[in-house]
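Have a look at this one.
Going by the order they are written in, the chains are A, B, C, D and E; count residues from 1 in each one.
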Amino acid sequence: MRKCSLDSMNLVFAEIAKAASLYLPVDGKDGKTAYTKWEDGLTWSNSLNTVRGPKDFFFPQTENLVEFKTSGKNIEIIDTRSASEDFVVFGVRACDVKSFDVLDRVFLKEPTDSYYASRRAHGILIAAACTRPTETCFCQTFGIDAASPAGDISIWKTETEVFWQSNTEKGAALLEKLSALTEECSTEAVDAQKEKIAATMKKLPLADLSTDAFGAGKTKQYFDAPEWKELSESCLGCGTCTFVCPTCQCYDIKDFNTGNGVIRFRCWDSCMYSDFTKMSAGQPRLTQTERFRQRFMHKLVYFPENNDGMFSCVGCGRCLAKCPISMNIVKVMKTIGGKENA
Amino acid sequence: MQKITRDQLIEKAASLLANGTVSCVLGWQKGEFDYDITPAVFETEDELKANFVWNDFCGANFSKYLVSKTKKCEGKILVFLKPCDTYSFNQLLTEHRFDREKVYAVGIPCEGMADIAKVKAIAGDGISAIDCSGEKLAVTTIYEDAPVMIDAKDVLAERCVNCKSKKHVAYDELIGEDGDVIDSARFDEVAKIEAMTPDERFAFWQNELSRCIRCNACRDICPACTCEKCVFGNPNSSLENKSPANSFEEKMFHIIRAFHVAGRCTDCGECSRVCPQHIPLHLLNRKFIKDIDSFYGEYQAGAEVGSRAPLVNYTTDDLEPGEVFERGDN
Amino acid sequence: MQRIGVFVCWCGSNIAGTVDVQAVSDALAHEPGVVFSTNYQYMCSQAGQNMIKDAVAEHKLTGIVVCSCSPRMHEATFRKTAAAAGINPYMVEIANIREQCSWVHKDMQTGTEKAIILGKAAVAKVNLNTPLTPGESPVTKRALVIGGGIAGIQTALDIADAGFPVDIVEKKPTIGGKMAQLDKTFPTLDCAACILTPKMVDVAQNDKIRIFSYSEVTDVKGFVGNFDVTIKKHARYVKEDICTGCGACTEKCPMKKVPNEFNLGMDNRSAIYIPFAQAVPKVATIDPNYCNMLKNGKCGVCSKVCAAGAIDYTQKDEFIEEKYGAIVVATGFNPISMDKFDEFAYNQSKDVITSLEFERLTNAAGPTAGKLLRPSDLKHPHTIVFVQCVGSRCDACAEKGKEYCSKICCMYTAKHAMLTRDKYPDTEVYVFYIDVRTPGKNFDEFYRRAVEEYGVHYIKGMVGKVTPEGDKLKVQASDLLANKQLHIDADLVVLAAAIEPDKSARPLATMLTASMDTNDFFTEAHPKLRPVESPTAGVFLSGACQGPKDIPETVSQAGAAASKVIGLLAKDKLTGNPCVASSNELMCNGCSTCERVCPYGAITYENKEFRMPDRTTAIRRIAVVNPAVCQGCGCCTVACPSGAMDLRGFANSQIIAEVDAICK
Amino acid sequence: MHNKNQYLQEELLRTSGVNPKKCMRCGKCSATCPAYDEMEYHPHQFVNMVESGDIEPLLNSKSLYRCLSCFACIDRCPRGVEPAKLVEAVRLAAIRKQGANHLKADDVPAMLDDDIPQQALVSAFRKYAK
Amino acid sequence: MQVKEYKPLIVAFCCNWCSYAGADLAGNNRLNYPADVKIIRVPCSCRVNPMFVLRAFQRGADGVILCGCHPGDCHYTSGNYYTRRRMALLFSMLDYLGIEKERTRVEWVSAAEGAKFAATMNDFAEKVAALGENKRLEDLRCKR
């Protein structure tokens, strides 16, 4: 384990930014935190997390795939991909780090999504432990330890210092580069912080939330539950929950006619939208209730079923905070899953 | 603190359910925390007693739900309307979006709703309870032993700070006292932007709109956006897109969205409330309202049922599009 | 996918002089959808048109782009060519490379580049064109004329003369209108009754014309060629077909103290009455407000004296439904109320009268049998003051009168003044005027005669105050030219009251969805080019309902309206413009926004059952465009928030394709 | 036409709120004026002269003080021109000039008469002196 | 690299009854205006959806002008009155977003005003050219 003083972070950032683009959570003018490309003077936000997760860096909201040029009646196909640059995402929370496990399962499975894979290869995650989790946090429900985040490097922030520990080769290589700015240290302070965090986690209002009722094999049990209707009653069908979710990975591929050619691009899609997976025969899920059920069944039942029990929710709580009508996965788990427990 | 209590509303709803006036109630349902309140349909007194809430976080405007709910519900629906909700209610009636006969509207006074983001800015993270029943909001967090006391005025939602009316313009029955239309300062921020140079305005909006993730929450919450098929979801409209690919599409979406509700927007402020990226969308809508007021005379959408919206109306001596800018230079 | 043929016209050297036509046809040959591209000297010539026809056959073309002169010039020509070649005429688009290209750009390269772009836009549009067929609707060969004054009478006679049946609906018991109340008519001074009554008789005797007197239109549905109209025939308690108009009942009726509206209340009539001797239909009518039999069941004299047995106290209002192909509005005018002009003491003195009342006082059939006597004491007036512009040309904010000039007052006042001086040379006649307006054939000559030959005192200035004092009327006025205030002791004051549209016009306009101006005059479809048509197809305007008019103007407009009606009724079917709006019912919200901006009332709503996504059904309100009424402006398409409304021939997708092609 | 009194004219129009261009020269104001014979310039002339900028004669004319402000002209004017307001404005322009009070305190005792109500005197002061 | 001379691209929507005829008249009288102006015929100025205006800018137009009958002369009686309101609000909004107000215009051109049409187009093209390329409402994907 290595450490550096909090005051020296600007130097550390400068060192990292020499070889790669560095993105870190920065407080904006509106008081909201967002990942921002580092430039001299930008400081690491104290807030718990960013409004949007770091998913964009690996799986951007829109991404051009290929371009077609037309001249007269001829079509030329152009691969517009350029080699990805190296980049570092700093200050990622444990939940968001975990989200890449979920995304990897989707995109790195054969056939590999080469766009995503390339970015994963070029990206380094520096994960930060959470010192002040909030009421919407429920990562522990999914077995995530906010005090010991995964990632290429884990860091812990105290009042005056930042502690560093590499978890992967990529991480170790980066930490090596920072050796001049950091010093070797004991794990004492970090252990103390871990304990404190663990105590705080127990006090969270959602600490008792359990996934026991969910997982593989529950499809039949919940699919026709009458509660779906009532839960989805007020759902607007907007895409907020899916677009702030660090694990949602659905996308649509569309063509954009530029007038001189066609750009084929993909963009995030939301299973809450009425035109999601619309095909020539129409949308397979006709009502909002069906679409609503799909989203939560996918996260809590279908995904674990196909991925060795891994849930595709990491408990980051973004959807809890952002849903315009405050309907969310926690309410769903309690209502649908609560039945089994009762 | 709200002047009307939860018990009063439950009593009213229960009696209307009991005497058969209504068959269901659109109301606010309690959430995981004290602030994440969900609109819900209640059918019995027991349901109401168990889950109905009324506090400083009941911002949701039910008017839009009436469009679909009146088609589905057998009997009449009881809906509680805050003063600002009544404008949306009337606007939807003007556009024949639901059957008035199927609704029993109870107007309730509103002292303004709280913005949870503002509460968190003061009380911090880890909120475990909020008590709205006293003079001040008592906010308990897992990090502090004593609750933080907050003056409701300090955490009013933006739209409530600039509340335009405490008067109910539609109801079958009113609980509590009716208020008046308020001379609010809601256009000040628009005027501030207008006073910027074009470069500053461009930079301002470029920065705001670049955050848009096109989740459509602004559209889907908007009580004026009730199209059976939205142009942004219609592949034949040439506007359809699922995400903003660049700054043009961000602007396009928000210009068209605001234009579609121009003259119909009641300025309820829901769009800005729900934006996960905190884009001040109401400043686009208010720009249209301000322009309409100054070009064509004051007009409040939803103030009365059947009024002719400014964009479906004209006078022979309206100002010319070119004169719009001459006025601005004065 | 379309198979498009492109035909570039040289127009001699008009186009070829500044546009490389070969380059244009070569460039466009590579556009998507284009299978054939050529150029020729004169595309509009017979040879050029044959070239198109041959190409259609040879290349199985489905669409045609002609790069030539303005579509305003030859669009129709090439559409006919297409039709002759067997493809839908609306599959043709014109790229205007003459007026908007070769003629305005001097340089060959510039002109050619632009011509190619314009051609590409046309090709892009044709790619999205769909065959359009104009809708057809049958025409009911019957016209309705609302109002039985001179305007309505003339219109009805002219339509009937062309062989079409016409119904006149008149709310009074007789036709004739205002003209029947007049004495003489300017500028020829022939007697109004002498020229009007023969026309009234013509109407009565014409077997193509039906008169619904004492009736009102209560409902109008449908559209041009196919109106469904409900007419309410008020009960007159006299069987119209039996009454001979002998007048015995009116003589014997004991209730004789009813103010006679025909004489503007200046004398009385009986409760059962015939408005005037030449009334058409000449049948009696019982006034239910005064008839003792109807009010309290006591009397029945008229029934007893009626030899024909025409009296029927049990008669009820009757509703008649009839179909019409065209509707003519001829609802006329009324003088405005003088109540707000208390400075003229109209309500204080019987001797302050309006000009229409003056007409009755000088009319041989009037209350004084044509002798000019003042109403108060039936003495001959020796000093008469005429006041012009009472309530006309007023400022809108004054809220007393009308902003417009009533147009007829100058002339009838000159007439009144002249006739008075002619008949009673011992009378001093003063006319107070602001301006004397006499634009009309022989009008100014007429006015000058009143001044020069008849010695009428025309004084530039207004009357400020009229005060009844003893048997005199003290008139205080200004003489602006002499810069004096005048005080005249008059015996009679005549006010030239402004005229306004009849009160029945506003509700009628709503029923007809015909537009009105702020003064409640009907609006014409085009102020210059379509003056007798309302913007609502199939509704025509005749007479003063459209604006103040004198008799000659009214009659000529009545004839014009009739000819428009005849033109419409002569058609067996109406062929619409196929470029009309249409609403996609699946997307329509039923919000009424389109209806509010439609100038033609072409959009109606209906409730329709739809299958909802959740497999239930629901009733939704949706807009329906009547293609026979829609004129294709496209205003609704932009007003529609959901984009459900689109315009055929100028669809959103087509215009966008043009934009894209131009900006490429 | 050159208008040397443009400033004064604008001032009069502003204080009175009258738009003399609306006048259609019908003379109804003068026809209705009860003080007509007392006046050198009559109401319609006020309107006309102010519009043409010929204001000096009005400022110096006794007509200013003959207007009773009965507002008959305002009531009757078909065009809503409101001549009395214009007269009032010219009157104000006159008495606002230094020492141009129409009614001076020293002259009052001579005018006193037992029949004059106190109120009339006070209102005359208000109207004719600053 | 050779710098291409900047030529603005202007889309003019002209109503069929007045302005399109006015443009034809300008042609009849051989009145020049820049070839950068490309006309799209619409039945009435009220057919122009704000969406078309934005679309033109997206596709690379540097200026968009709407021409219609003079107020009161609309072939369809009231279409241009609605256009006037719609475009006044739209242009004001574009200005509010910091987009140059000189890039948009509404002009009433009657069928008899060929000279006005040409003069309007000359003036508008000049003003747009002075602003340079449309950068604030462009879609880079559509640039060549």
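Assume a residue touches a chain if its C-beta (ideal position, glycine included) is under 8 Å from a C-beta of that chain, and two chains touch if they have at least 3 such contacts.
The structure presented is a predicted model; accordingly, all values stated were derived computationally and were not measured.
Novice: What is the chain whose Cα centroid lies farthest from the Cα centroid of chain A?
Specialist: D
Novice: Select the chain at the greatest separation from chain E, using centres from the mean of Cα atoms.
Specialist: The chain farthest from chain E, judged by C-alpha centres, is D.
Novice: Report, in whole Å, the distance between the mean C-alpha point of chain B and the mean C-alpha point of chain D.
Specialist: Distance between chain centres: 56 Å.
Novice: Per the centroid of Cα atoms for each chain, what is the distance between chain A and chain E, given in Å?
Specialist: 46
Novice: Taking the mean of the CA coordinates per chain, how far is chain D from chain E in Å?
Specialist: Distance between chain centres: 53 Å.
Novice: Measure off the straight-line distance from the CA centroid of chain A to the CA centroid of chain C, and report it in whole Å.
Specialist: 69
Novice: Would you please write down the residue numbers of chain C that are in contact with two or more other chains?
Specialist: Within chain C, residues 597, 639, 652, 656, 660, 663-664 contact more than one other chain.
Novice: Find every residue in chain E that makes contact with two or more other chains and list them.
Specialist: Residues 50-51, 55, 59-60, 72, 78, 82, 86, 141-142 of chain E touch two or more partner chains.
Novice: Could you list each pair of chains that touch, in label order?
Specialist: Result for touching pairs of chains: A-B, A-C, A-E, B-C, B-E, C-D, C-E.
Novice: Quick one: which bits of chain B touch chain C in the complex? Just the residue numbers, please.
Specialist: Contact set of chain B toward chain C: 71-72, 94-97, 226-231, 234, 236-238, 260-261, 264, 308-309, 311-313.
Novice: What residues of chain C sit close enough to touch chain A in their complex?
Specialist: 30-32, 613-615, 660-661, 663-664
Novice: Sort out for me which residues of chain A touch chain E in the complex.
Specialist: Those residues of chain A that touch chain E are 256, 258-260, 263.
Novice: Given the complex with chain E, which residues does chain B contribute to the contact?
Specialist: 193-194, 198-206, 238-239, 245-246, 248-249, 251-252, 255-256, 258-259, 262, 284, 287-288, 291-292, 295-296, 310-316, 318-325, 328
Novice: Across the complex, what residues on chain E touch chain B?
Specialist: Of all residues in chain E, those touching chain B are 50-51, 54-55, 57-58, 71-72, 78, 81-82, 84-101, 104-106, 136-141.
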